[in-house]
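Common to both upcoming complexes is chain A, partnered first by chain B, then by chain C.
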Partner chain A sequence: MSANSVLLIDGTSESSKQYDMHLVPCRIRTTGHTNELANNFKKDAEESAEDNSQVVTYIRGRKIIGKPLTCLDRFQTVLLEPEQDPETPNTYKETARIGMVFNYEREGNEARLQEEISKFEEHLQLADVIHD
Partner chain B sequence: MYILTTEKASSSPNFPGLTKAIKRKRSTTMSANCGSYRTPKSPEPLAELPPTVLEAKDSLHSRTFYSEVPQQIRDSGCAVILGVDEAGRGPVLGPMVYGISYCTREYQDEVLKKRYAFDDSKKLTDPVRRDLFQRMYTGEIDQVGYATTCISACDISSGMLRFPPEKNYNLNEQAHDVTIALIRGVLERGVAVEHVYVDTVGPPATYQRKLEGLFPSIKFTVAKKADSLFCVVSVASVVAKVTRDVLIELLRARPDEVLGSGYPSDAKTTAWLRSNRTALFGWPLQTVRFSWQTSQTLLDRNPDAVPIEWEDDYIGKGSQSMAAMFQPAEKAVTLDNWYSVE
Partner chain C sequence: MSKRIIALSKECNCEELHIFELPHSTNINSKSKLRLFCSDDKIYQIKRQMFSKGCAYNKTRDASNEKYHYCSDSKPLKSGILTNADERRDGWLLEDGYFEFTTKYDLCFSLCGALFSKAKSQDENEYQQEPRQFNELELESRFLMTRDLHETLIDNHDKGWSNIPTRILQNSLQQLCDTIEEGGDTYYKMTPSKITKWLANKAVKVSRSLPASIPLQKDLPEQVAGHAKLVFACNILISLVPQPAYQNLIQYSDEEVNFAKAFQEYRKYLQDQAVKEREQQLQINAAMKVGMGNGNTKKKALVTKRPVVTKKVTKVSKGAIDGFFSKKK
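And then the complex of A and B:
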């Protein structure tokens, strides 16, 4: 999103889907739906914490270690889709809600994981200061 | 950074489809609860799955099994010899299995050498290997103890693909650590090991010095082709080979599925890899070693595969800096444009 104003249409309904969001440390050169997550993007129950304070999973053999962004608990995170009408640019419709957000780093690079989470928390605190 | 969203199935945030198998305990002694099992090509069925296989068969991670220490070894007080060998170091499919066996030198010389056909496992036919191992775990050969560690394809891949590269846990280190742990496990079970024979593919001298440093009271012989030279190593090689072979067979999703030997040079294996790869994740994590060049090449050259780029891909590529990784090829939502910054 740019710094320009955007119009948000409330598209929520009883049937709105809810997702968890996973920020993974690689660039996946596609955007869209996949059926592969159910069988492949599973939490490694043996190496993850039961309370999800740490989750471990794998992408193409790489072990990735994630932690929840608990700083987002006080927000409602939503998934937006741009409206296709050229008459109403910068208009987005809410299509789903996000439950938990996890940030991941590769095994061996866990120090950066905490650094990223700290920076994101700092970003939210700064936003609070600016907008309060 | 890239974003994956997973549908929420319940009130508890979680990934879908957790497997029960990966909650199994890491190590155990022999279980009597073995079902009968028929291998697809061997003429004689195994009466029951080897306990080494039962321990590892449904696990995403490496598993270790120790047989009970034979009573005669406990009681005799005689010095014990121990052999170490592996199966499945080179294949792109399935686990690498480290096997050990131990017995008294007298039992090796008077019984194993004279009555049984133990030899380098590669020189024996599959039915002979299975028959020999079956005689061990069903009790006919009752004065040989054994143990295995099955290093899973998942653990091999993830260890070798850590980032940054200096954190990589390479195959030699994994193999050495497993061997050391197996020897230590036997010692902890009260076995008076006097001499250990190790089959190695790497330089024997440095490996031998390392082992002698760790176990100063034990004599070591580390040699290439030790499975052909020392009977106790031949037994270990049979234990490891049969365990791996059965585990590979159990990886099949259908009875008629052909995985081949698992070696990259096996046309059946590469055919399986080609026909079973998926666009995003490639292959099942518990089956394929993603750290093998064969699997990486098959993904890279597959026009239907979704390109996935890692930081490693940008190391040492001159003008193509690490920052290039974060340049969008298409307009996609990523962490760098997800909030505030376009």
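And then the complex of A and C:
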């Protein structure tokens, strides 16, 4: 990731693809496209809240609990990919939008989950107070 | 180059954002440069957020509590998965589970850093040391027009200033500079006193909106609470300003606010509280021992009497066997 870069945001991306982002408490030693989510990583409808305020799912049989970062509602979250054109180095172009962002922790570690999300919200509020 | 996920403020309407860097406003060597961009006469900072990771400030405490666990390569246990609700087969795995986000950035902090750019520090612990005198300010100490001051910043401080539009720079200079109007032009000169005044206003603003997690005691007397809030506000701003600016701030006073007194009074209150607590603890300890051993907890020193061994003294007299034939008493 270069420091001096250019971000191209598509202002009219209403019809573009939209993903949800899930930050899971494990290390996946690969980066890339997958079609294995068709039958995996589905939320447990019985244990999850209907309004998505709490999501329960499983990774390799281990239960993980997630909460949405509602503080990002006032942001537009975009997925950017590097431009392949060598004439425009360090340029990233929007390819999709991110709908909701969930942060997960393993079952029993919900206190840390809540604490980290609260601290992040505080950070955003404090930055507004200091820099506005 | 890999994918980037950035949460942009909805106020950013630009379709093309040029990200550039400026030195960290604290002039602390270990702090990385600020990543900024301009949009609609405002400046935004890009930061990175990764969960399941402790901050440097709490590193020792987290390690002793085993709050966080990391991979063998010291990376946090956090990866990302992107799911497409419309097409589940379209998913992405991201080894590093983080995203970037933007917050507004007040350029005055960077101007403050530029003015005190000679005052480099290793970390904020140095801020508590005796104030150093900085007579030599990095920037030219004369009145300059915005354009000339901008060039001075580019030449003497950092090339990244060239990305700042003049009108944004001018807005910030108006807050931090003494000005002279001459021939229809405005000339600016940054002064430490103006910076301190601006910073004091910031600190007062922060003290009125402190984050909920700040460890502010709830049973503080009203006046002490006011002092404590100012102290915490200054300690929050410590991470954004260079050492001389912080030292000037904590000694600042005017007709509305007195930081020096706030620090002094709050410190005194904490010391008094500590003494009271110690006394209470002693009283509790004494109360708990009432009735035990008739109140006399001192052990008597044991006196051991050694048996006196009387040695027979053999008289020494002349002759080899005189001792054998000693005289009867």
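Following the convention adopted for this analysis, the second predicted complex is superposed on the first by the 112 of 132 C-alpha atoms of A that agree within 3 Å, B and C clash if a C-alpha of one lies under 4 Å from a C-alpha of the other, contacts with A are read in each partner's own complex, and residues count from 1 in each chain.
Going forward, contacts are C-beta pairs under 8 Å (C-beta built on N, C-alpha and C of every residue); 3 or more make two chains touch, one makes a residue touch a chain.
Fair warning: this is a prediction, and the values are worked out from it, not measured in the lab.
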Touching partner for A:Arg29 - first (chain B), second (chain C), both, neither: both
Which superposed partner A:Arg60 touches (first chain B, second chain C, both, neither): first
Which superposed partner A:Ala45 touches (first chain B, second chain C, both, neither): first
First (chain B), second (chain C), both or neither touched by A:Ile9: second
Partner touching more residues of chain A, whether chain B or chain C: C
First, second, both or neither for A:Met21, with chain B first and chain C second: both
Shared chain A surface residues [contacts with chain B and with chain C]: 1-3, 17-31, 34, 36-39, 41, 79, 98-99
Chain A to chain C touching residues, read off their complex: 1-11, 17-39, 41, 72, 74-82, 90, 92, 98-99, 101, 103, 105, 112, 116, 118-120, 122, 124-132
Of all residues in chain C, those that touch chain A in their complex: 1-10, 12-21, 33, 35, 37, 45, 49, 51-52, 67, 71, 75, 77-86, 88-99, 101-106, 202, 205-206, 209, 211-213, 236-237, 240
Residues of chain A that touch chain B when the two form their complex: 1-3, 17-31, 34, 36-47, 52, 55, 57-63, 79, 96, 98-100, 106-109, 123
Of all residues in chain B, those that touch chain A in their complex: 1-8, 13-19, 22-23, 60-61, 154, 157-158, 161-164, 167-168, 278-282, 284-285, 288-291, 295, 299, 306-311, 325-326, 329-330, 332-335, 337, 339-340, 342
